[in-house]
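Heads up, the next two complexes both have chain A, just with different partners, chain B and then chain C.
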Partner chain A sequence: MQEFICQTSANPSLFSAEGFVGLIFLVTIGLIVAGALVATCARRLVRSVAGLALCFTGVAGMYYFLLAPFVAMMQMLIYVGAVAILIAFAIMMATPEEGDLPGRRISALAGPLGFATGALLFAALTVLAIRTPWQVFPREGSADMKHIGTVLLTSHSMVFELISIVLLIAIIGALVLARRGRN
Partner chain B sequence: MHLLNLYNCLNTYLVVGALLFGFGIYGLVSRRTIIGMLISSELVLAAASVNFMAFNRFTAPDPAVGQIFTLFIMAIAAAEAAIAVSIVIAVYRNYKSIDTEDIVDLHG
Partner chain C sequence: MDTSIWRPIIYLVCFMAFAGLNAAYLGWCERKGAGRIQRRTGPMEVGFHGLLQPLADGLKLMTKQLLVPEGVDQILFRIAPILAMIPALTSMVVIPFSDNIQGRAVELSVLMLFALASIGMIAILIGGWASANKYAVISAARAVSQNLAYEIPMLLTVITIVMITGSMNLQDIAMDQQGGFWHWNIFRFDKSIFMPVSFLIFFICSVAETNRAPFDMAEAESELIAGFMTEYGSMGFGLFMMGEYLNIVVGACLTTILFLGGWSCPFGLFPGVWWFLIKIYILIFTFIWVRWTYPRTQVYKLLNLSWKILIPFSMVNLLVTAAFIKVF
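Moving on to the complex of A and B:
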């Protein structure tokens, strides 16, 4: 029990409410894996962006399972609604006529070596996550929206202000970069 | 650990985060276009967010801090995506290509 931090160690049947929730969680994991697979392996970039949106939808579902519905909603709004659409716009504006780019990197080793690196990192992080005895602290605060807002604007208010400055600079920088060269 | 009880275990979320990170690194190395690499870097950021949220749910004392950190990661990712897309458009305007093999002017 020290190695596997589980809230309950029940064994629900498939037709109970808990079992159905577990089934939905497995579907969520399937969405994430399928989306990441399409996002990294699809030849055409449009399919890649669609896979990215699918993967982000699965991650939002996972946030819902982590008892954070507000962050799940923000994930849908910001990632699926803004970032994926922004990348789709970039593909529409900055892709050559033929659409897909056939062929691989000039170095033929980039694909296999990249796969080996990714698989090695995945295996190492998995072993690390399972072997480490994570220390559990007792709960102090609640996770409702009111408490999040209070913490965000009191103990993290400096970061909150800094992030707004970062976003402002990003907007101005994006405008300057994208407008340069246009006459 | 039963298959239908996976959503109550910390390790499930950590393994999913590691999987997203592995996919992101693989895509960063093997993709040939700048936009493909941008998509893969978004996967890496999503992996970091999943890890923060998992530890926030299972081990952290105050469950608001991890959510706030994830919101900050989202803001940084949105700013990064906007900057990267404008750089992609500027590169495309100058080179008529987003292939990383074509943007090699400084290559000796």
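Moving on to the complex of A and C:
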């Protein structure tokens, strides 16, 4: 994969190596967008979770595409294997017999206003993406595990410590919540 | 050879054949094993000692009508069996069967196997929920809580092995244990005095992860009919079963590579794929043996075993291993 990144031509054919890599990139994007659409549009909550899992898988593919296989695997393991499953769990415990949710309408203005906001945000982001002179930074080391480990325990140890504190707080919070329900 | 188009095609065909044959004939082995343990003969009618039974079963499953009951979630109901099969098949790619038989040498193959296993959990959850059957939903919830609980001690045990070897590559882990059984991770007392116990923990976890007896709470027939597979017939059910047997194969492969020296010979003679196969089939036989010997546990005991015994012990083992590596 490494060698494909360096050589890019303007219009690669589909059957060349670059063309195929581009196709994989598009498939990954498609997975993300399709997953996101299912997650937001589905009427049934479990379908939304399935869409979310699909979206996470697409994001993992994107990480793999960006030569960060470790992050991709962790994305699968944590987001698909734990987060999506816990959400599905919560839904199944809370509403086992939900059926189709009725389409709620808060106000007549909600639709057009939401659309306008979305369009404005999209336009702004597009303008920003096109106008910004993107710099390509040189790659800093490699994305393999040894490098990640070294960096996490030396130059980025603060992040590492902060994450462990966040996790500790989450565990304590979960314990407090679970204890309160006992009696 | 590495860039040739033939290599992936040959590997694909061989893995599919390996997977298909295993899924079919492990069912036969299981029935024969169950029969022998219960003083019966098992299948005898179709072919010599029932050897053609899997073929007959497969034909029956494939020719049956694909029934989709009313009230199920149409899309998710059809996707779930496929999702159960995909990770089990894909896992084959990274398993080193020998020093030169490996579909693709992935640097993070251990992590990749566990990442794929998480898709299997989603399949069970989706399949159970989409069936719109209360037994299926209860079974899916049980299966997934069990899988989540046993994944933690399993990963902690894997981390000790990764620390000992210093690599997440299954091939490197197998290479590190070459030359005689005293080099195998299970007997490496210089790295941690608890290695045999952590092998036992890993084996228990892989039995629990594949939802096999005595941990088959998800398919407790007396309570839940057939668990999350209740509403599935014909090949939907067939795919779930194949996925289950393939998961057993993958679990046995992983145990062999992590603890039993992968494709190395116990006495340092002729290492190769045959030793690997012998080891995994001994482990698979143990799976069958355990299933028909021990009665089913209860769901509370099952979760207590993981959270109160296995997880604390694996954490202690992790610390002990780290200390041993630091000191020696």
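Please note the rule applied: the second predicted complex is superposed on the first by the 149 of 183 C-alpha atoms of A that agree within 3 Å, B and C clash if a C-alpha of one lies under 4 Å from a C-alpha of the other, contacts with A are read in each partner's own complex, and residues count from 1 in each chain.
In this section, a residue touches a chain if its C-beta (ideal position, glycine included) is under 8 Å from a C-beta of that chain, and two chains touch if they have at least 3 such contacts.
Predicted, not measured: the structure shown is a model, and the values here were computed from it.
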item	value
Partner chain in contact with A:Cys55 - chain B first, chain C second, else both or neither	first
Partner chain in contact with A:Val27 - chain B first, chain C second, else both or neither	neither
Partner chain in contact with A:Ile172 - chain B first, chain C second, else both or neither	neither
More chain A residues in contact - chain B or chain C	B
Partner chain in contact with A:Arg44 - chain B first, chain C second, else both or neither	second
First (chain B), second (chain C), both or neither touched by A:Leu153	neither
Chain B versus chain C as contact partner of A:Phe89, first or second or both or neither	both
Which of chain B and chain C A:Leu113 touches, first, second, both or neither	first
First (chain B), second (chain C), both or neither touched by A:Phe70	both
Footprint overlap on chain A, comparing chain B with chain C	70, 74, 82, 89, 93, 96
Contact set on chain A toward chain C in their complex	44, 46-47, 50, 53, 60, 69-70, 73-74, 76-77, 80-82, 84-85, 88-89, 92-93, 96, 144-145
Interfacial residue positions of chain A with respect to chain B in the complex	4-12, 14, 18-19, 21-23, 25-26, 29, 32-33, 36-37, 39-40, 45, 48-49, 52, 55-56, 59, 62-63, 65-68, 70-71, 74-75, 78-79, 82-83, 86-87, 89-91, 93-96, 101, 103-106, 110-111, 113-115, 117-119, 121-122, 125-126, 129-130, 134-143, 147-148, 151-152, 156, 159, 163, 166-167, 170-171, 173-175, 177-178, 180-182
In the complex, chain B residues that touch chain A	1-33, 35-36, 38-40, 42-43, 46, 49-50, 53-65, 67-68, 70-72, 74-83, 85-94, 96-101
Chain C to chain A touching residues, read off their complex	73, 75-76, 79, 106-108, 111-112, 114-119, 121-122, 125-126, 129-130, 134, 137, 140-141, 144-145, 148, 151, 168
